[in-house]
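Here come two complexes built around chain A, the first alongside chain B, the second alongside chain C.
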Partner chain A sequence: MSFVHDPQFGDRMITLMAALVLVLQIAMVGQRWLITNIRMFALQSFLLAAIAGTIAFFNHSNHIYIAAVLTFVVKTLVLPILLERIVARVGIQQEIEPLINVPLSVLISGGLTLVGYIVAESFYHPEETSAPAALGHNTLAIAIALFLIGFFMMLNRRKALTQVLGLLSMENGLFLAAISLTYGMPLVVEIGIFFDVLVAAMVLGILVYRIGETFDSMDVSKLRRLRG
Partner chain B sequence: MVLLWLLLIPLVAGPLAFFLRKRPAMEATNVAAFAVVLALAAALVAQVLRSGPVSYWDGFLYADALSSLIVLLTAFVALACSIYAVGYFRHDEQNTVFVEAEDVLGEVAAYKLRKYYSLTPLFVFSMLLVALANNLGVLWVAIEGTTLASVFLVTFYGRETSLEAAWKYAIIGGVGLSMALFGTILTYYAAHQIMGTDTLAGLNWSVLVVNAAQLDKPTMRLAFILILLGFGTKAGIAPMHTWKPDAYSEAPVPVAAMLAAGVLNCALYGLVRFYILTSKSLGPQFASQLLIVFGLLSMGVAVPFVLVQRSFRRLLAYSSIDHCGIMVLALGFGGPLGVLGMFLHMTFHAVTKPLLFFCAGNIQQHLNTDLFRKAKGGLIHSMPWSGAAFLMGTLAVTGSPPFSLFQSEFTILRGAFGGGYVFTSILFVVFLVAIFTGFLVHIANLVLGPDPGLPNGETCRWKKYSVLSLALVIIVMGFWIPAPLYRLIQGAAGIVMSAQ
Partner chain C sequence: MNQIPISQAFLGGMILYAAAGLIGLIAARQRNLVRIAACALAALGAVLEGVASFAVIKDAHETIISIPSGAFFLPYTFRLDPLSCYFNLALAVVGLAISIYSFGYLKSFDSQKPVGVFCFFYSLLLISLTAVFTAANAVLFLVAWELMALAAYFLVSFDHEKDETRRAGILFFIMSHAGTGALLVAFLLLGTWAGSFDFSAFHVASQTLTPLQRGSLFLLFFLGFGVKAGMIPVHVWLPAAHPAAPSNVSALMSAILIKTGIYGILRIAFDFLGIPPLWWGLLVLAAGTVSAILGVLYALIEPDLKRMLAYSTIENAGIILMTLGGAMVFRSYDRPFLAAIALAACLFHIFNHAVFKSLLFLSAGAVVHATETRNMERMGGLIRRMPLTALCFLVGAIAISGLPPLNGFVSEWLSYQALLGGFGSTLSLTRIVFPIAGSLLALTGALAAACFVRAFGIGFLALPRSSQATHAHEAHPSMLAGMGALAALCIALGLGATLWLPLLDPLVVQLVNNKVSSNLVLAGGLVLSSGSPKGGTVAPAVLAGLLVLLTLLPGLLLAFWRRRRRTVSGPTWDCGLPGLTEDNEYTATAFSKPLRMIFAAFYQPRREIQTEFEVSAYYPTSIRFESGVEPAFETHLYTPLKDRILARASRLRTIQAGSIHAYLAYIFITLVVLLLFGVRS
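This part shows the complex of A and B:
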């Protein structure tokens, strides 16, 4: 089992998992069922936790282990369960209606991935020996792509809950960026961010629920009474 | 120790109000807590002026002149709002505004009051933490905290429109702040390269500012753009301002006033902290140009909406977008006068804006509408004090002499001409004049005119005296700024100037 301790093996595992994260993100753009979308988000978060765990293992860093466990608990278990409950209670499971059709959306996501690589290029200094930057290149590009595609998802979807999902996957992108650039934020900040994400998701969840009750729909394009 | 108490008192007051349940007890908790916070803020200011920056817990909490100015303003606004809130919510309760049809026992009303009185201290706690956190990551967490604590204050009335406003507020704020988080991560990356693995102090502003000149330039450039977009969303800079009119007009008046005069300052404070780092790393040119563009845009966007506005609550929101633009513009102009003008403006705005909101609240509760169309004018007859104060506040907030905002705007303009921004300064003046005209015409039509025969609207002493005492503060400040306050503002400007 000596290959398990080989850092190169670790790097490849991380790149592989990051690539899967990106694939899931693009699949979410193409996916029309709300429940499937939530489960894909859960799987994506699980992969992120695994990436964090792998980085922690190769760097013997305790605070990244904590971040990995927090990701797993908050984003893989608690949030998806919460979101699925809201879907069940509002009783709306119909398809998501994107503004732009699916093939074009996927194409746009591909373009955004390219943008991610271009931006990440400016952070890539192979001549420098500082370790995080060397790891960063691929993962950082994927992180930026996740952020941009998440933003695109929010613009493209009209259902309140899918906008929340878009926001959460943007946050996943940020987590990946933080972990690939600097091996995560300082622990206090990391815990603070997780707390905020959890509370934000609950706050938004309650809002979605109340919008669903009041307007008999989760379609945010119906929220247009306030103008000027 | 002062720093710790400043945070602990509102943090405890929230849950305390939640468990006390009885309305008089909750009111007393809030007012008392914020009075103590204001006293502590004054003590902090005295300490900072006497012996320089204060820090606690190995520099986890840190207060220099800049942060103590924000703490002082936040504490002042919080106290003013909590005093006004007593009268405001009593009026709502008596007039069964938030009582729904099936609510016979007043349970909904009691629940809503409890929500307000327990969330508001937490809201203020997050604002104070923004100013006192040394770590830029914690600063981000605290700014996000202000959003989370206030979303359910915006939905307070539970109308369809308030849900819509809260949704926009939470989602636009969430996207904006995720950009700010990206900026913070990039700043940490830049710091990581020069300081190695020292993880906790690696994001401490007081440490970063010493090494700011060595921060990686391309990284800081991208970071500042993201921070400007992110904290700009929270401050309400155009074109990310769209949540503002909705949230300000749907939230209860004390909350709207805290958003306009408290959160605005906190978000700008975060921007200023990053501006200092960016200027030291890249030179002031890059950040200044961006700030000038966004500042002018915000002022320009506000103009047409002020001119054709139909609701006086939304009018105040556009005025706040305008003032946010002025402050950002002043920071962009830079120079000793521009920066001094910015902090003077921040101070005077934080004192004046709550008065306008309180007057607007009194008038709205009296007329049961916030539309100019439905208000028949002539309010001065039924509400002599609020009407007069509203008119005076309008003159003050649009920057007419002798009120203090005239002085700060004049200072900014002198700084702009001194810096050679001739064209920008001319636009600045044009926008100011347009907003002055629009604002004054609207409010004069509302307040002046023949008597429509409404009953006397100034029966509540809490509402009346909170308006009158704020009006008194504004009149006094037009002629005299307390020397310590001026020294504090100069100190804050000095911290920003050290970067230029």
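This part shows the complex of A and C:
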């Protein structure tokens, strides 16, 4: 079992899981069912927690374990349950109606991944041999791509709830970037961000509920009627 | 006094102000408790601030108070130098009187009105004004400046049920922010050039700037501060906001908030930017002259009592700016002595105006509360129904008209002397400017006197012109106490002018490094001199004695004559129509009619008469008469400007589609483009 303690192995594990996260993100763009989307988000968050755990394990930094546990609890358990409950309460249709059709959306997601790599390239300094710089190369690109695709998901979808999902996966991208570049921010910052996300999700949940009540639909394009 | 009690008194005052505001928020339900506690705390805070400021001025000792804050570039640094403390002292004096007045005044608010919220914003205004006057770095200054504007906005809009009030509030808000925009640009430029936002760094850095940089900075600052100072043509918010606000707020705004603009101009012209070029002083002088003369002309024809006072504030701000500009001109000609006299006149008038204008607004508030109207055509006869208020208003009116022996006389007299002194001692081009400015100042003074004769005569004398005026009642004792204190101060500042002037020395020394009071005060404090051998001298106390004697003389003569003659009293001649009513009285419009005709070119008066008759035009069944004047600045400057801005802005509406997806797309596209752009470069 000596390979477990090999940092090379850890790096590869992290890169593999990050790649899976990206695949899940693009799959979310292509996926048409709301509940499945929420579960994919949960899975993605679970992978993120695993990445955090791996980094913590190989760098022996205890506070990243806390971040990992927090990610697991908040994003893999609490938020998906909360979101599914809202879906049940509002009783919306299951199918997501994207503004841009699925094949084109997936293509655009691919393009955005490319943008992520182009941007990350400029931060890559091969002469620096310390671990974060080398690790950052791939994971930073993925993180930026996650962020952009999450944003694109918000843009592309009509229902307020799916926009919340987009926002949350954007946050996942930020988390990945932060944890892979710095090997964990100060714990206070992490906790702050988690709290922030939780509150944002709560507020958005309430908002979704209200929009549903007022307009008999969760279609945010109907908010256009509010214009004076 | 050593350093520690000053800073403790200063901070203690601030804390008391804050406590007054917090009580307003916490105990908003207990209306009486809030009113009494908040007013008492604010008054106590004003006392502490006043003591601290007075000590600084008296000892000419600078105190710096620095409170560390979380943000590294924004320590809360307050610098108590004589100039700051002079303004803070004026604030404390006026704030004390207004806080006492408010005990009674707030009682008159409708029971639906949130007194607690009012107290909160009132205290916030006091705190932010104190901070504006004493801030020692640009960031803190701007924060305080904006807090002040916000607090004032909420106070102006306090009667938000009325459409007129809301419009006034928004006008104030827009003008105030336009001014702040100019200030922000100016401070950022100066801060960048100086490499620091600390006020003390500005003075050093300005020596290295090019004339172009200094000139543009000055123009930006002058515009930004001019808005708050009520300078024409950026004065339009003032006649709208002052009448709309509750009267204690109008008093505070007119007396002190206006002065923040003057304070700013003094700071930049004498502290930050070094020796000014000639044109700066001439610009300030010209703006002051225009403001003074146009302000009083508008005041003269205004039937709304509080709006008339607002225009009069513009006039007084003009007078202050005139002497300020004069001082700058003298400074650029290197005439420190004349500059010192002009500055002394300017500073003294600042304080005097704060005292008598707040007095006038407070008594106007008592009158408006009693008669439920601001229109002086519907007042009248109030001297019998509210004699003490009438007396206070009269004292304020005499003071503001610049009549001896009150304080307005002394500072206006000094202003004349300073301006006329410029004639003999500057070069050819500018020497003609001073007599012109001086004569326009004389015209302004005369018109201001006419204006207040009209206000007092129409508002307080003769018969009541409406049923509300008939049933008016005297103001609450605490309101009278607040007004009485200010009236007493007007008299004390006038009679004891020679005692007060030496207190201005530390300020004048700080600004132009010259001392004047020993030249101005002669004969052991009895005689006030213009400082130069060719100028005049005056003795306010002797004048006062003469006035009393001359007033007594007719009384004595009357008593003498009455012994010999039998007095016959009969009714006033009534043209054969039995019974004179209030309809026969001389009106405010009629009083100002001759002046309206003389200045017709400026007023562009408009008159419309419609007569309806059945048989012949000689027997009309009804007559409708309407007259008004052209609001020149609104129609020729602001309306076209507003239309243009709105037309441009409406083109931007297409971007605002109301669709969340569109908004997200804007952000998204911007983000991606910026990311790629950032990588490329």
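Just so we're on the same page, the second predicted complex is superposed on the first by the 225 of 228 C-alpha atoms of A that agree within 3 Å, B and C clash if a C-alpha of one lies under 4 Å from a C-alpha of the other, contacts with A are read in each partner's own complex, and residues count from 1 in each chain.
Simple rule for what comes next: a residue touches a chain if its C-beta (ideal position, glycine included) is under 8 Å from a C-beta of that chain, and two chains touch if they have at least 3 such contacts.
Values in this document were obtained by computation on a predicted structure and should not be read as measured data.
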item: Superposed partners chain B and chain C on chain A - clash or fit; value: clash
item: Chain B versus chain C as contact partner of A:211, first or second or both or neither; value: first
item: First (chain B), second (chain C), both or neither touched by A:138; value: neither
item: Touching partner for A:152 - first (chain B), second (chain C), both, neither; value: second
item: Partner chain in contact with A:99 - chain B first, chain C second, else both or neither; value: second
item: Partner chain in contact with A:115 - chain B first, chain C second, else both or neither; value: second
item: Dominant contact partner of chain A by residue count, chain C or chain B; value: B
item: Stretch of chain B penetrating chain C in the combined three-chain arrangement, among 6-14, 60-68 or 150-158; value: 60-68
item: Chain A residues contacted in one complex by chain B, in the other by chain C; value: 119, 122, 151, 154, 163, 220, 223-226
item: Chain C residues within the chain A interface of the complex; value: 656-661, 664-665, 667-668, 671-672, 675-676, 678-679
item: Footprint of chain B on chain A - complex, ascending; value: 63, 119, 122-123, 130, 132-133, 147, 151, 154, 160, 163, 167, 170-171, 174, 177-178, 181-182, 185-189, 192-193, 195-196, 199-200, 203-204, 206-207, 210-211, 214-215, 220, 223-226, 228
item: Chain A residues touching chain C - in the complex, by the definition given at the top; value: 99, 112, 115, 118-119, 121-122, 144, 148, 151-152, 154-155, 163, 220-221, 223-227
item: Complex contacts: residues of chain B adjacent to chain A; value: 60, 135, 137-138, 140-141, 144-145, 147-148, 151-152, 155, 160-161, 163-168, 170-171, 174-175, 178, 181-182, 185-186, 188-189, 192-193, 199-200, 202-203, 218-219, 222, 245-246, 249-250, 305, 308-310, 314
